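What follows is a group of structures, each given as structure tokens.
You will see chain A twice below: alongside chain B first, and alongside chain C after that.
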Partner chain A sequence: MSIEELVKVENLRKYFPFKKRIFSKKVRYIKAVDGVSLSIKKGETLALVGETGSGKTTTGRTILRLYEPTGGKIYFGGQDITKMPKKKFQKIRMQMQMIYQDPYSSLNPRMSILNIIAEPLRELMVKNIEDRVLELLESVGLRREHMYKYPDEISGGQQQRVAIARALAVNPKFIVLDEPTSALDVSVQAQILNLLENLQKEKNFTYLFISHDLSVVRYISHRVAIMYLGKIMEIGMVEQIFEKSQHPYTRILLESIPVPDPKDRKRKKLRLPGEIPSPLNPPSGCPFHTRCPYAKDICSQKEPGYVEVESGHLVKCHFAEMIE
Partner chain B sequence: MKKDEVIRVLKIMFRNKLSLLGIIIILVLMLMAIFAPFLAPYPDQARGEPNLEEKLQPPSSKHLFGTDYMGRDVLSRVIYGARISLLVAIAVVSLGLLIGIPLGLLAGFKGGVVDTIIMRVTDIFLSFPPLLLALLISVTLGRGLENTIIALAVSWWPWYTRLIRGMAISIKEKPYVEVAKSMGISSWRIIARHILPNAISPVVVQGTMDMGSAILEASALSFLGLGVQPPTADWGLMVSQGKGYLLNFWWYPTFPGLAIFITVLAFNLVGDTLREILDPRLRRRFL
Partner chain C sequence: MKELLSIENLHLNFRTFWGTAYVLNGVNLKIYENEIVGLVGETGCGKSVTSMSILKLLPSNAELSGKIIFEGQNLLELSEKEMKKIRGKKISMIFQDPMSSLNPLFKIKTQMVDIIKLHHNIHKDEALKKAMELLKAVNLPDPHRILRSYPHELSGGMRQRIMIAMALSFEPSLLIADEPTTALDVTIQKQILDLILDLKKEYHFSVLLITHDLGVVAQTCDRVGVMYAGNIVEVADVNELFENPYHPYTKGLLLAIPDPRYKKPLKPLRGNVPSLFKPPHGCRFHPRCELAMDICRREKPQLIEYSKNHAVACHLFRRGDKK
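Up next, the complex of A and B:
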């Protein structure tokens, strides 16, 4: 494994036990993450895209071991952290932070912004805490006056900035961004995305950007992984996914991006019929065959492997390179 | 709680007529309790000295609330009774909170075996009707004010444990607790700084309401002869002693009974308003 790769995940699985009937002994599993392999280079942003229920958030949380993985391996900086004892892991865990979808619930409503950001600093025995907090606030575009406010006294965008400042306080290397902008207004979204991008350039952060919003993904990420039912369907560089996607699911997702052009309404689009199947009872063969407009017999019988259509561009489809 | 929030809550409490009434009554009772020796017209009789020449006198300008079967001024004894009642209320609720809150936080935050053990113990306590349990403990410990307080507190804490455990369970799942854990903040710190401040509101409300209930139950114990012993001036005891005189000498049990009623009502008025302010679902109305 090259040192360039900060985070590497091999065949990661996370199953949640699910008992349907009270008297049935057989435990069934929700396969939220089912064999995900990916790696993220230092200073890179990998976007994880998928519908609700595709397992993208679970993947992010399992990498941080907020959920204990059912199987597979997680490496951070070349170290296997999958089964690392809690105490030893704690030091590494500090270098991995998470930004949440709802900024309000990620801040303690009873603590002032100063205390929220100062808490990890006190733990790290930092001196001149107040100066350091101010520095951090300024680095996320806030001012001294925000220091003495409480989370419910500032806007959603400012709350998210505070959450980012707190994450910066522990000098992380890797940040999982779990839909960091989807709770915010569009105008504020752009500001937060710019902030995240500038911080990355400045401090060489590595991001895992979880989102369902492809237009945001295109803007911020270097590489994109498309998830469906706990599996990665297609992964590649941003241009490869957006310009040369080979998987029917990716195609349909791209078609569904709204275009601000009234004439566009007349264009015939590929649509996605039905809903994502239950991860409790996933379809046989290719997980996408139940909704795929190109599905053939083989799709319901055999699960496709990954085809490397270009360097670094993997597609999980029997008919990769054949779809127009 | 943050300072300006306390001020905001107080402002609303004073603006609301019913809670203002409750606050005023409680303040008056407190002043009565503190300055009882100066306010009571016959402090000696309140302490128990008999005055047999004037027994069972109806209310008059000399004895505003009349006198009891030993000729003691009922008004003076009601004023002195406020001391006992408020002491019981504050002591029982504080003891209950002191035991209940830490156990509830521990059970909710730690979960697993710790939670199971603590909650099964509280279940045992909760399986008894509260007054019956207090009665049982009272009988075991013997009579007297301290024992009444202990008996009531022992039957009281499990309610707070349950309440705060539920809050702790929901709060420990919040992202800000997850973040604190990921930053290596110790469990004690997380409990003290993140869980407790966010879990405390419903317990404050419950505690306020319970002040009234504690007075009521202490009175019930006194009424049954298990609580405070004569000649101490206690409202429950006075009602108990006066019940036989109700038909002919109505003032004797009526005034201490009214005192209990008004005090319990006052704590409930304050507690009710407090709940409406602190409950986020009802909050909007006051903003």
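Up next, the complex of A and C:
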């Protein structure tokens, strides 16, 4: 593993046990993450894209060990953290942070902004806490006057800035952003995206950006992974995915995005039938074959492996490179 | 084209414990027959409340004035009894979250049959037949199974299809869709929007599509109204609006959204949406406008037709000016 890679995940699996009846002995598993391998370089943004139930959030949380993985390996800065004891892991955990979709529910409504950001600092025995909080607030575009306010006194965009400032308080290296702009209006979304991008340039942060919004992903990320039913279907550089995608699912996903230009309407588009199957009962073979317009017999029988169609561009499809 | 609905100078205030919120500040909008009109704007700009005003589904502390002319009569002058004949029959509505519009305790069959029976005054068996037809019309596979299901057993996309089926059961002339696809995934969003377009071709109704997503507007609407802080600031044909926006707010919005086709720099609008308890004087957009002049602080600009099929409410565009 090269030094440049900050996060590396090999064959990561997270199964949740599930009982159909409370007293039944038969336990089935929801395979939320089923064999995900990826790596993120220092200073890079990898976007994890997929529909509801594709396992993108679970993947993000499992990498931070907020869920204990069922199988596979997680490396952080070259160290295997999969089974690391709690005490030792705590020091590393500090270098990883998470930012959530709804800023309001991730901030304690009874704490002032000052206390929200100061809490991790106190834990770290930082001196001159107020100066440091001010510095953090300024780095996310807020001012001293916001310090004594409470979360419900500021707007949604400002709440998300506070959540970002709190994450920055412990000097992290790696930040998992779980749909950080989905709850915000478009004009505010642009502010937050620019802020995240500038912070990354300044401090060389590594981001895992979880999103269902492909327009935002195109803007913010360097590399993109497309997930479907707990598996990565295609991964590559942002241009490879958006311009030279080889997986039918990626193609259809891209064609479903409403482009903010009425002239785009005339383009003939693929229609994707049906909905994402239940992860309790995933289809055999290629998980996408039930909805795939190109599916052949082999797709329902054999699960495809990854084909490297270009350097760094992997596609999980029997017919990669053959689809027009 | 024949005019179907005309909103004229609609004002809406809410009296609350904290003071009066000036929510709608003279909204003007026309909807013609057989067209899809988009209403876009950010949270709190008044787009949902405009649609609720059309159906008069407002809480008791609402003060509504102006005119809403629908098929020749002013809806604001109608009694509750007369409104009931319009709601759901001539004007139907679907909402963002189909789960909360369906009763979780009853099977789809019970809910659909009850409504159809009540409004059409027909027998249960006939109503059931009609329900099946409607479910087929919205492309739901296996309608027998759907009718036997409870709402929680169905996916978000299926529930939204059921809502559309129920909304269409009386063949309304206007369908109000309030963020119908916001809670859905992109692939399902595409399916639902395509369905609305297909059904419109078949049943010839008009749609008022309320959304915050300019992409959805670009892909589905014929005309668009842009709302900001209780005003319609611009109305135009969809192509014209995206190609040649007039209002600084519309321009700002278009510069702030990312485009999936290429990476372009994003230019956020400065400032925040104003409080509706103390809206700015004059043009409500002036504190965030980079081109604001003196007059913008004093006088509210009127919505004028500046060029053909393109109206704007901004002091930069005066009646009689030639472009």
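Observations on the model:
Criterion: the second predicted complex is superposed on the first by the 318 of 324 C-alpha atoms of A that agree within 3 Å, B and C clash if a C-alpha of one lies under 4 Å from a C-alpha of the other, contacts with A are read in each partner's own complex, and residues count from 1 in each chain.
Here is the rule we use: contacts are C-beta pairs under 8 Å (C-beta built on N, C-alpha and C of every residue); 3 or more make two chains touch, one makes a residue touch a chain.
Remember, it's a predicted structure, so these values are computed and weren't measured experimentally.
On the superposed chain A, the two partners chain B and chain C both fit, without a clash. With both structures placed on the common chain, the touch criterion links A:204 to neither chain B nor chain C. Contacts of A:242 after superposition on the shared chain: chain C is touched, whereas chain B is not. Shared-chain residue A:275: touches chain C; no touch with chain B. By the touch criterion stated above, A:263 is placed in contact with chain C alone, chain B being left untouched. In the superposition on chain A, contact of A:188 is made with chain C only, not with chain B.
Which of chain B and chain C touches more residues of chain A is settled by the count: it is C. Of the two partner chains placed around the shared chain by superposition, neither chain B nor chain C is touched by A:301.
With chain A used as the common frame, the shortest Cα distance separating chain B from chain C works out to 5 Å. Across the complex, chain C is touched by residues 51-52, 155-157, 185-191, 193-194, 212, 214-216, 218-219, 238, 242, 252-265, 269, 271-272, 275-276 of chain A.
For chain A in complex with chain B, the touching residues are 64, 66, 90, 93-94, 96-98, 100, 102, 105-112, 119-120, 123, 150, 163, 166-167, 169-170. Those residues of chain C whose C-beta lies close enough to touch chain A in the complex are 42-43, 155, 157-158, 185-191, 193-194, 212-220, 238-239, 242, 252-254, 256-264, 266-269, 272-273. Considering their complex, residues 1-2, 174-176, 178-180, 182-185, 193-194, 197-198 of chain B touch chain A.
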